[in-house]
Amino acid sequence: MADPRFFTVAGPFSVAEIAQRTGATLGGAGTADLMLRDVAPLETAGPEALTWLDNRKYLDQFRATRAGAVFVQPALAAGAPASATLLLTEQPYRAYAVAAQAFYPEPPPEPGIAPSACVDPTARLGEGTAVEALAVIGPRVEIGKRCLIGANSVIGAGSVLGDDVRIGANVSVSHAVIGARVRLYPGARIGQDGFGFALDPKGYVKVPQLGRVIIGDDVEIGANTTVDRGAVRDTEIGAGTMIDNLVQIGHNVQIGRGCVLVSQVGISGSTRLGDYVMIGGQGGLIGHLTIGNGARIGAQAGIMRDVAPGETVMGSPAQPVKEFFRQVAAVQRLARKKGD
Amino acid sequence: MADPRFFTVAGPFSVAEIAQRTGATLGGAGTADLMLRDVAPLETAGPEALTWLDNRKYLDQFRATRAGAVFVQPALAAGAPASATLLLTEQPYRAYAVAAQAFYPEPPPEPGIAPSACVDPTARLGEGTAVEALAVIGPRVEIGKRCLIGANSVIGAGSVLGDDVRIGANVSVSHAVIGARVRLYPGARIGQDGFGFALDPKGYVKVPQLGRVIIGDDVEIGANTTVDRGAVRDTEIGAGTMIDNLVQIGHNVQIGRGCVLVSQVGISGSTRLGDYVMIGGQGGLIGHLTIGNGARIGAQAGIMRDVAPGETVMGSPAQPVKEFFRQVAAVQRLARKKGD
Amino acid sequence: MADPRFFTVAGPFSVAEIAQRTGATLGGAGTADLMLRDVAPLETAGPEALTWLDNRKYLDQFRATRAGAVFVQPALAAGAPASATLLLTEQPYRAYAVAAQAFYPEPPPEPGIAPSACVDPTARLGEGTAVEALAVIGPRVEIGKRCLIGANSVIGAGSVLGDDVRIGANVSVSHAVIGARVRLYPGARIGQDGFGFALDPKGYVKVPQLGRVIIGDDVEIGANTTVDRGAVRDTEIGAGTMIDNLVQIGHNVQIGRGCVLVSQVGISGSTRLGDYVMIGGQGGLIGHLTIGNGARIGAQAGIMRDVAPGETVMGSPAQPVKEFFRQVAAVQRLARKKGD
């Protein structure tokens, strides 16, 4: 059970209710009226807990689980213990997510402005919005309804936030227009100057960074991630895109809808990503590239040319995935031959 | 045009005035008295806007631009639309930077200390300096004239800042001596302990970090970049060096003048860079190396040995650039052969 | 000598006293009653200073040093200048660390809560603890004795800190249970939501992150490093583990005792590290892996499979170290052959 110092559990919910909320169908022990009191991982879930299987690595734990109920794909259900009620679904992790939200609903912000916060008199805050201790809200900022502005965060002059935005502690935002339900995790840096300067005999000349950061609805931006504002156009992040921690987004970058950028990815200036692009951890893209819809870029890949829609690439410099593994194998064989 | 919520445009300026300020010469339509009201990118610039071409990738946009005036290299000027006044220069991006600074001059700090800031009585602040809300200035700090200390930033005891330094929101500085016109972007961490400890049967023994961070004039340090202070000597960053976001500079590192470190570069302890070294994004250097003046290190390169002055290296482990591409091609051929 | 604006030197100490504290034995000039007034690097140490040699790269500096006393391994002592008293030890860097702590003892926190700090009335603070300016301590937080909470840091509701914990400026902590003598450097982010969501036809569904971050005694976590809390179990960092700057630790990751993670390492969710694992800078590990005790992972390595205890791996995808260098050499030969 989640530590009650940090989380409050709701429920209980019957198996039938969970099945209804998630669209899963009953299997195994099939006790529709079993009351579930919590969610838990396979290896610690007890008879009143709900769990899930979504990775074959954990099949042994699945076979041994004492959980009362398990979300599982029909194809993997065979090994289930007799005691378990199965909740059959093709998307067990999605079903778990929906159920866990029911058990642990996110508390709404407690409306109000902490006495220690510094809110400019020209800022406008929507109904139900909370501003935590020592946050700074600059002139002409517009914040929607039911937002949460975390402690010690700074929202710079003129920025606009939609409804239900949640901003963690120690975040800074400037020159930004942010949609609804966006989440910025602690230490995220949004809207600072991009890395722009020109060579000159006397040193570098700073190029004024005159664009904004435009963030669509339902975007998440991880802890200590940096998103520079545009230089002469905007830096844009499309609706529903998920960005992990310590990611770098350069100026003028355009990211489509529903992309997933894993931790420590770096995207250089003016590169454009289509929709539903996925980039593994530490992947890097040089500037001025075009990455097509649905492209998949492997962890640590180094992208020096455009990637076509739907293409999967790996390696540095990146290759089509089959070519990459063929090269890895060829080099292994070559090294063994020379070694003999 | 830049969003007036965030930027205020100056001007207008005549083509003749822009030519004079940037050293460009007139070509194309050549209307010296045309009044320019803004800067804009090639594809959106209108007849009263100034733009530039510095990348052959955008030649098509150049041929179609409706811009009133364009900075362009003489060698690329042929394809210009008849409507465009050309501002011919070998360095169009530098010329654009100078012109954009004229259109969008950076406002000076508004002098004064925010009532919510915590400034130690022993700190000394120069004339014209601004301390924003909830910033913390420690004992014996010395800050020059016309500086800007951003909201929620912390300047630790004894640190020294030159004139015209600009520090963004949520920055922390300690054990540092910082030159004039330095810019630290939001979340930069300057002067914390380096990663120093010794092995011991009972665990690691912390090595006191007794050096400082010395930053030359005109240095820029990006958002969430970390610069550790020295262990027994100083960590030094030479004048005019440009450091992007999320870069790591280890203790005792010495960086020369005019270097450019792109985002997510990591430099391990005690490595020395000469002047005008360039390192691409995510490049990594182990410790105790010497990198010569003007060396160029590719994105994602892994540097495990010294690099000679002027040398260009790529790959991990890094190779001379020609050797690197020869290896990439050789492996591609090998893999295809085996695959047949 | 360390800049007195930032450091206060203790001492002097006699050579005999330093030898006793560090277990070193006398050699060379061997003047046990020489008074040492400071520590310094080989090239600047004078006749009253103590230095050390622990890297053959600096043998030339060792031969030329003017230092009064030098920690050195017996095997490297031959080249010492006649003026130097040698302090012979197999672990000169460890001995230097102990001596430097004597010369520069870390001042204890100055107990008390800054008037500008926001401490929730339900928080409990141990004796001797200092809370700096504008720090925020949330409801039900428990902080041990002699802790230091840095300026503008935020400790979220319910978190627990052991004795002698030191937290730098602008840190955020939530959902965390932290042991004794832990150090969190500026900008570290501990306990935010992990990167968890499930695919859904309507977009991504957020997976509630219901675990904590558990940090053992004597752990150090570098500047701007991010440690996500667990999703359904805890993220755990074992006692004595050292984590450098800008490292990413994903949700559910379990790290053993005494591990060393160099800057910009990334560890994806649910991966487990044994004890004394070492990972070089920018190394990346995908999720759900098991890394055995004492494994060594090279800088920039890309780990896509389990690593056995004691194994050393390099490259991306990682190979056993000998195999890696054999492959590098084989590709070099191949490229030269083709090039001829």
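Labels A, B and C are assigned to the chains in the order they are written; within every chain, residues are numbered from 1.
Keep this in mind: contacts are C-beta pairs under 8 Å (C-beta built on N, C-alpha and C of every residue); 3 or more make two chains touch, one makes a residue touch a chain.
As the structure is a computational prediction, the values presented were derived from the model and not from experiment.
J.: Can we say the copies chain B and chain C touch using the same residue numbers, with more than half in common, or are the two sides different?
T.: Counting which numbers both chains contribute, under half are shared, so the two copies meet through different residues.
J.: Can you grab the rotation angle between chain A and chain C? Superpose on CA, round to the nearest 5°.
T.: So the copies are related by a turn of 120 degrees.
J.: Round to the nearest whole Å and give the separation of the Cα centres of chain B and chain C.
T.: 28
J.: What positions in chain B touch 2 or more of the other chains?
T.: Within chain B, residues 116, 134, 152, 170, 187, 224, 246, 264, 282, 300, 316, 331, 334 contact more than one other chain.
J.: Please name which positions on chain A make contact with chain C in the complex.
T.: 2-3, 5-7, 39-41, 44, 55, 57, 91, 93-94, 96-98, 100-101, 103-104, 106, 114, 116, 132-134, 150-152, 168-170, 183, 185-187, 218, 220, 222-224, 239-240, 242, 244-246, 258, 262-264, 280-282, 299-300, 315-316, 328, 331-332, 334-335, 337-339
J.: What residues on chain A touch chain B, complex-wise?
T.: 116, 118, 134, 136, 140, 152-154, 156-158, 160, 170-172, 174-175, 187, 189, 192-193, 195-200, 203-208, 210-212, 224, 226, 228, 232-233, 246, 248, 250, 264, 266, 268, 282, 284, 286, 288, 300, 302, 304, 316-317, 319, 323, 326-327, 329-331, 333-334
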